[in-house]
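To keep things simple, chains are lettered A, B and C as they appear, and every chain counts its residues starting from 1.
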Amino acid sequence: MMNQIVQGILLGGYYALIACGLSFMFSVMRIINLAHGSLAILSAFALWLLASRFHISPFLGLVIVLPLMAVIGWALQRFLLERSARGGALLPILTTFGLAIVIDNVLFEQFGADTRSLAPFIGSLSYDSWEWPGSIYVGKLAVIIFVAAVVLLGGLQLFLTHTGLGRSIRATSEDPDTAGLVGVDARRANTIAAAIAMVTVGLAGAFLGMRATFDPYAGATQLLFAFEAAVIGGAGSLWGTLIGGIVLALAQTLGATVHPQGFLIGGHVAFLIVLFIRLYTSGLGLRGLLGLAAGKAS
Amino acid sequence: MSLSVEDLVVRHGLLQAVRGVSFSVERGETLALVGANGAGKTTLLRAIAGAHQAASGRVVFDGADLSGVPSHERVRKGVALVPEGRRLFVQMTVEENLLLGRTAGRSGDWSVERVLETFPNLKPRRHAKAGHLSGGEQQATAIGRALMSNPELLLLDEVSLGLSPLVVDRVYASLHGLISSGTTIILVEQDLNRALSVSNKVICMLEGRVALAGDSRNVSRDEVTKAYFGLHRKGAGGVPA
Amino acid sequence: MSATVIERGTAASRIAGIGVAAIILLLAIAPQFLSAGAVDRVTALFIYVILAAMWNALAGFGGLVSVGQQVFFGLGAYFAIRLANAGLNPFVSLFVSAIIVGAISWPISLFMLRLKNGEFAIGMWVIAALTHLLVNLDRLIQGETGTSLISLNVYDASTRRMTIYWLALASMTALLAILFGLLRGSTGAAIRAIRDNEDAAASVGVRVTGTKRLLFVLAAFGIGVAGALWLATSITFQPKTYFNVQWTAYMIFMVLVGGIGTFEGAILGALLFFLIETWFGGTGVWYLIGLGATALAFSLLLPRGLWGTLEERFGWRLLPVGYRVRLPINASDTTGASPAQATTSREKA
């Protein structure tokens, strides 16, 4: 039991990674990017391609893929989101959903239906583990992912609170018009935020590929995980996302012990329960439930 | 530096909030904009700051036409607005709000320390969230935030609104210091006496137009009051829309 | 001085009304002249029209963009299987199932309608994913293996085909009529007020949540009917197929291309989707890429869709759901409002 809890907490690190980009983008631009999961899968496939075709280790491949993801984030904001956000709050949902369909099916067209994994390309790391007191075995990779999540969330937090650019992004997320009046280029802040969000998505995709398998249509599931972790973590700081990820993972672990097919059900149910409690205790409705996750980063 | 506004028209949808306003301000001058609610003063200030796009006419600052220049670029050129209602970033601290004013990167004397010297009431509140400040502290932060961009032209929209007379005195005392340092100021003020005493030029707006423009020392309170209520309009009989 | 004229229809719309009746009549007798394959295709078209109209009711009129509507499609089929398995006539099961779906959507709406925009959109997706997993647990369904609506096999193929065709036609007509009536009635005014500006509507006393709930339940019911009818045409039920987000993707495509928030646009979009599927459906994955790209392009470049754009440009209105106010052109304009407002005839709720 103790073993499962530890595994659950470590898995929560991955969920925090995939969730933080989603909630970051939502808090800055008020857009929920439905292509979020698909973009993570895109990153995983890019690393897989580099590894299988050019024998570039996935860790080294990140040096190529993460900057590419930043460029994708920049382009996404400049050419799609900026334009569709002008048409109201509903249009970006449709735009990013259309984008998700395109990405999923282009990946399918390119790579076929086979499930892939980056595990074969990272050597023994995929199965090495440490023994902790109480004969708990923890995978080295799971620990690396968890540490990466903590470092990333902490780094993002420091960036947002201690740099001029970070302050500009927070100001834009709070009130873009006034940000402009004090000299912040809101457009630039949004674009940089999108680029940062996509780098986190790229990293999440890499870790997904290393710890599990993926296929062209796996993006939807990852989007749901990200959304659930972000909402469960909800109000608070970026660290809320980490808590949300851990709660989601523990609920899934619990679900799996109850019923062989209970893994996903457990996660969804936990999400709905948290949502239910939040809705009926805050009395505020959910407006900005995600918004508080990264905007209030201090 | 000088600012000239030439036949400026600003629309809110179908409504013309500013209907062909022209005036100019020279370096170091202080212009008071007065007029009833809805006369178009706030819209005029926001159009100068770039928060509203003009439908026609021009805003020329330092010889450069600002048409189509976004607000953050105008800050870089030296125009700063203290917006109506302060519009602080409430989830950020006083210091962070002030530091944001430096984003445009204009060099100058203003620093967080100097703002805190100018508004001593902010000193103990430096690391407090802007949302937790009193009205006077918020106003001081908003002015300080604008000053941090080292503006040549400072636009102040109703800085005394909602403040106690004592606090207003303190805010205006700090303005006197700015004026003597050569900053150009345009301020919107409901309190006519204050407006006339702090400024050297006054413009009274009525229904989006200039109803009266003059030297603050030469116009009488009575004249301004008449213009304020539309009793002073030259060529009376309704100007075509 | 001329008077303001308020009219409900135009000459074109009256002709269109007669046209609609004629089309329905033609469609009703069409199977006499169509091949078996063609009858099946047209049945699919009817189902597409239902899906488009229902998603449009939710998103275009209720302002609720959902990417989880496949939950009602899947449940429509699932309950039909369950009811038929319990001994109910399979054709009757289709509609009882849809009623159950509508009833289930009510408690879901109490919860989900408190979410906003994107949160509602993905929240519905979570509901769909969870429902899919729960349906998989049903022993009758045998997980992803699925099962069939076996009891339908007591009817011979041609009777089955004709019955389903007519049921689909009748369902489509009835659902469109309900939606049309809703939009034309007093609820319609509320719906259009919400569509134009939700906060303003609430401030003048429009029952925003109640109206949205009505649209949510109607959409769930209609999509439930569509799911049950789809089951009837294909007999087999595999949860993965029915709870697939692709159904919502189709709905979004149809409505976005046809014209979101216009009654006619959804129908036009379904027709276009049907034609595209007929011509390009065989190209597999490229067809799906094309659908996604088209939806993406419309959301960016032509967010009002084809019908919305035509309507705006030419003032077309075949099936009037609102009122047209013709302001007298030479009315003396003392308020200073732009004259442009007086010369165009604007549709007011």
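The criterion applied here is as follows: a contact is a pair of C-beta atoms (placed from the backbone, for glycine too) under 8 Å apart; a residue touches a chain by one contact, two chains touch by 3 or more.
Model, not experiment: these values are computed from the prediction.
Trainee: State the chain with the largest centre-to-centre distance from chain A, centres being mean CA positions.
Mentor: The chain farthest from chain A, judged by C-alpha centres, is B.
Trainee: Closest chain to the protein CA centroid?
Mentor: Central chain is A.
Trainee: If you tally contacting C-beta pairs for every chain pair, which pair wins?
Mentor: Highest contact count belongs to chains A-C.
Trainee: What whole-Å value do you get for the distance between chain A and chain B if each is reduced to the mean of its CA atoms?
Mentor: Each chain's C-alpha centroid was found; their separation is 43 Å.
Trainee: When the C-alpha atoms of chain A and chain C are each averaged to a single point, how far apart are the two points in Å?
Mentor: 33
Trainee: Between chain B and chain C, what distance separates the C-alpha centroids? Give it in angstrom.
Mentor: For chain B versus chain C, the centre distance works out to 52 Å.
Trainee: In the complex, go through chain A and note every residue touching chain B.
Mentor: 161, 164, 167-168, 170-171, 174-175, 177-186, 295-296, 298
Trainee: Of all residues in chain A, which touch chain C in the complex?
Mentor: 26, 31-32, 34, 80, 83-84, 87, 89-95, 97-102, 104-106, 108-109, 220-221, 223-224, 227-228, 231, 259, 261, 264-265, 268-269, 271-272, 275-276, 279, 285-287, 289-290
Trainee: For a test of understanding, state which residues of chain B touch chain A in their complex under the given definition.
Mentor: 49-51, 70-72, 75-76, 80-81, 83, 87, 89-93, 96, 99-105, 145-146, 149
Trainee: If we count contacts the way the header does, which residues on chain C are in touch with chain A in the complex?
Mentor: The touching residues are 59, 63, 65, 67, 111, 114-119, 121-123, 125-127, 129-130, 133-134, 136-137, 143, 245, 249, 252, 256, 285-286, 288-289, 291-297, 299-300, 303.
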